[in-house]
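After this come two complexes, each holding chain A, first together with chain B and then together with chain C.
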Partner chain A sequence: MTRVRIENLVRSYGAHAVLKDISLDIADGEFLVLLGPSGCGKSTLLSAIAGLDQVQAGRILFDDRDVTRLEPSAREIGMVFQSYALYPTMTARANMAFALRVVGASRAEQEERVRWAADLLQIGHLLDRKPGQLSGGQRQRVAIGRSLVRKARLFLFDEPLSNLDAKLRTEMRNEIKALHERLGVTFVFVTHDQIEAMTLATRIAVMDAGVIQQVDTPDEIYRRPATRFVADFVGAPAMSFLEGELVAPDRVRIGENTVAVPDYAWRSAPRTGSVVFGVRPERVSVAPVPGTATVAARLRGIEPHGADTLVWAELSGQRLSARLTPEAAAGLPQSLHLDFEIEGVSLFDPDSGARL
Partner chain B sequence: MTPAGRAGRIGLYLFLVTTALFFAIPLVIVVLTALKDADEARGASIFLLPRSPDLEAFSKAWSSACIGRDCNGIGGRFWNSVVITALATSISLLLASLNGFALALWNLRRAGLVLGLLLVGAFVPYQIMIYPLVRMFAVGGIHQTLAAVVIVHVLFGLPILTLIFRNYYVGLPPELIKAARVDGAGFFQIWRLVILPLSLNVAIVAGILSVTGVWNDYLLGLIFSGQNWQPMTVSVASLSATASSGVPEQNVNMAATLLTALPPLLLYLLSGKYFVRGVTAGAVKG
Partner chain C sequence: MAITPQATARFVLVPTILLTVVGYYGSILWTIGLSFTPSRILPVSRWAGLDMYERLLSTERWQVAYTNLFVFGGLYIGFCLAAGLLLAIALDQGVKGRSVYQTIFLYPIALSFIVTGLAWRWLLNPTTGLQDYVRSLGFESFSLDLLSSPERAIFTLVIAGVWHSAGLVMVILFAGLQSVDQEIWRAGRVDGIPRHRMYRHVVLPMLWPMVVTCLVLLGMNVVRSYDLVVALTGGGPGFSTDVPAKFIVDHYFERQSVGLASAAATLLLLTVVVLFALVGLLRRRGEAA
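Take a look at the complex of A and B:
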């Protein structure tokens, strides 16, 4: 049970700043996902929390105790790596008991803890095998088991599912979520996969270029992205972005078209001028006849995805996509009348990228 | 295959066979001569086959040939070589593994600089360091003892062996070390429990290099070992310089040479695969 408090963390390799003044609070028992593209600093941040990487400035507190300079072993954490990192010459049992062995715990205690973790993960029958004799999913289970055997107060996961195939990934995802609910301890989980982030997290911290862009619930991240980067990174198919101009507090002009944004939830007082108009593809629909709220667009292409169909359209020279049912997408004419639901619209400042 | 290609292939084999024969000549002479008796070895051409081959010369070389005034053969010196080689190799492998681990997987400040110095160390000629070492051992009171000869072998072997271990360890996943650190293991625990058990293959490679190097050494044995721990190589040289009855016994000298050369020879034959790896280990990463 650990509250994690990160204050103004800075880490750079030479001239390259990987973490730029990161501050983050993680509540007790939370499942926090660090989400971002590769190179955004999320793994470095996790390493810093683990104590595997020294930081140049800032503090890390576990329950108000400053652990910034403590060795990983003194932080009472469990960690699971993408590559599993099982000790190849040891059996699964010895791998799991390793942490207790190095501190000189009794055989009985080792056996008891390993047994407990093995039961929890249903890997009791694998204990005498070496990592080379285990499948990817089994290795990952043993690796999780190894992190459980120590009585850790905080669990760190560094892209643990990336090496698994799609089906197994879904399965392990559910298991990790169930594990979190069962143990009730704090989890910090690094991934670049937004589905993992959305399904697992109680809160997501989206990172880019060494900066946390937004920390929020998955729902908030998706519906009200704080920056254009977050809006673009989260969501598949991705949000469409159109350059426009706010001509009145409730109207955006895009080329020769005007889109009404009557009930938009403004973060700050609306100011006229250029804006980036973002819209989620599933919140765009095609109207059969032009209406007062529709805008004219040209059909540019159709991508069937099975469950739904992505329709590409061009609006005043800018491309956007609409996610329609296959039936709605069938037999569309060349000239379309698009309708935007205000819940799917986000407006951003074109310079700072911040949500308006 | 075209006629030209076949001719080329034949030429290639001809060249290889000739070269192999050329390099085999000394070995052939040693074997042939060692199987002859003393008179025949002195008299006939060195290329003639022995008239009645026997192993007389070998047993004499092993147990009763005279080295200076000591007529007990080189058998005893064989064990000197075994002890020196075993000690020097095991100590240098352990230290090289430890060094290689620290250089490859521990976040060492200036690891690159240390690596560069090691490379220099691997190529500095011994001769430069002999006199200072002699002085140091003399001052320390262990000149011409087993300890002295083992220490010099370890010192001279370490740079290249460390490089071999380091290059192997660089290929290991760094997460292994991170996981062990999170599990609470310290530097020496990680080395002993995680790294050493993974090192069998590279230890074989490095071990072959070390064993052949130490066994075949003459110069360091001559200078640092002293009378009691004289290795076989030095004894063979003394043996052939001793002519007990006034006439050199070439068959015995050859037999002694062969006995001395046999252990590394067998090692090459039995571990050719590993040896090739050992030769390339310093050059190729991983």
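Take a look at the complex of A and C:
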């Protein structure tokens, strides 16, 4: 059972700062997902939590105990690596029992712990195989099993699912989630896959270029992204961004059109001036006739996705997308009347990118 | 008729195949045949049964040479592997100036056994080499006279051989160590496995195929150690450092006992075949493991 507290962590390679003053609190029993694009420093942050990488400044506390200088093995963690990192010449059983064997645990104890983990992951029948004789998904399970065998109070996963095919990925995702519920210990999980993040996390920390942009529940991250980066990174199809101007706190002018944002939940003080108007595609609809709240746009393209259809439109020279049912998207005229639901709208400061 | 690329390829290979079949396998068969004849200076085709083998096995010089093959071979391979492995691990641990050391230790491989033998002969020569140098520094009683002792001269071969070949083992094993996924080391650290146990239980078993490769390369050096012996000790003092290859060459070309030499060559071939079959077994076991 572990609370993790990260205070002002700094890590750089030469002049290249990879972690820039990171602070983060992870509650006991939480499933925290570190989400961000490739190279943003997720693995580096995870390694720092594990103790595999030294940091240049800052502290890491587990339950108020400073572990910044402790070796990984002294931190009571379990870790699953992207490449699985199984010991290739040992059987699955030996892989899982190795750490116990090294500390001199009795055979009975080793066997009992391996049994327990193997039952939990349903890999009992694979224990006598070597990693080379296992499929990707089975290796993944053995790797998780190995991290479970030693009693750990914090589990770290570095993109554990990225080498699996789509179907297996979904399966393992559910399994990891079930495992978290079953064990009730803290999980920190790195991924650049937003679906993984959304489905697994109790909270998501979105990172970009060595900085944490937002830490919130998946729902909050999706509905009220704190920065333009988060809004852009999370959500598929992506949010559309239109440059405009707040002519009044409740009206945005985009080119020759004016969009009313009457009930916008302001995070900062309502203001006027230039603004980035963001809208989720599923919150854009096509009205049959022009109304008081609709804006005029031209149809630019149609992308069927099966379950729904993405409609591209142009509004005063700027592109945006609407996610419609295939029926609604069928036979659209060239000139459209678009309607925005206020729940799907986010306003950002054009300079800082912060949510308004 | 059109000539396919495959046919052209086969045609081009014909001389090579002929050369191999006639040059290697033909010679081997001929040698084996000769070992059953009483040939002296020139081959004769009279059947002599196992006479030559009986004579060979009772020849003291052959007994010494054959024993030396295993003494020299065992020590040479053992020390090369041990030294090469330690050097490779040292490099892998991130010694400063890694590439400099790599070059220094690899350099001897560029020399032939002849040059290696000559260099060590000078170095170990009591009147011109190390002994003389150390004495000139003031240690008058220093004595390093391995070459003239029949019991110890064989070790000079081992020393020179290891000096020559340890670098090769180092480079091969170092490449193997470098190819070990860093995440495996990280997993070991999270698991709390000490470094030496990681090497012993995880990394070295992964390197097994490369160890077998080294074994084969070093084994071939042992079998053809003729030039090292000739340059360093000349087989002496007496014939205390003789090896089968030298025994065979001497008997073919100097002592005019072609039949005896052929019997020795056949025995050597048999030994090599048996040893390499063992290595093949080792390799297969490594793959299964």
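Keep in mind that, in the parts below, the second predicted complex is superposed on the first by the 356 of 356 C-alpha atoms of A that agree within 3 Å, B and C clash if a C-alpha of one lies under 4 Å from a C-alpha of the other, contacts with A are read in each partner's own complex, and residues count from 1 in each chain.
Heads up, the rule we're going with is that a residue touches a chain if its C-beta (ideal position, glycine included) is under 8 Å from a C-beta of that chain, and two chains touch if they have at least 3 such contacts.
Just so it is clear, the structure is predicted and the values come from calculations on it, not from any experiment.
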Fit or clash - chain C, chain B, common chain A: clash
Partner chain in contact with A:I254 - chain B first, chain C second, else both or neither: neither
Contacts of A:S83 with chain B and chain C, given as first, second, both or neither: both
Partner chain in contact with A:I60 - chain B first, chain C second, else both or neither: neither
Contacts of A:V206 with chain B and chain C, given as first, second, both or neither: neither
Contact residues common to both interfaces of chain A (with chain B and with chain C): 47, 50, 52, 71-73, 77-79, 81-83, 85-90, 98-99, 102-103, 146-147, 150
Sites on chain A touched by chain C in the complex: 47, 50-52, 71-74, 77-79, 81-83, 85-90, 98-99, 102-103, 146-147, 150
Chain A-touching residues of chain B, taken from the complex the two chains share: 173, 175-176, 178-186, 189, 193-194, 197-198
Complex contacts: residues of chain C adjacent to chain A: 181, 183-184, 186-187, 189-194, 197, 201-202, 205-206, 208, 289
Touching residues (chain side chain A, partner chain B) in the complex: 47, 50, 52, 71-73, 77-79, 81-90, 98-99, 101-103, 146-147, 150
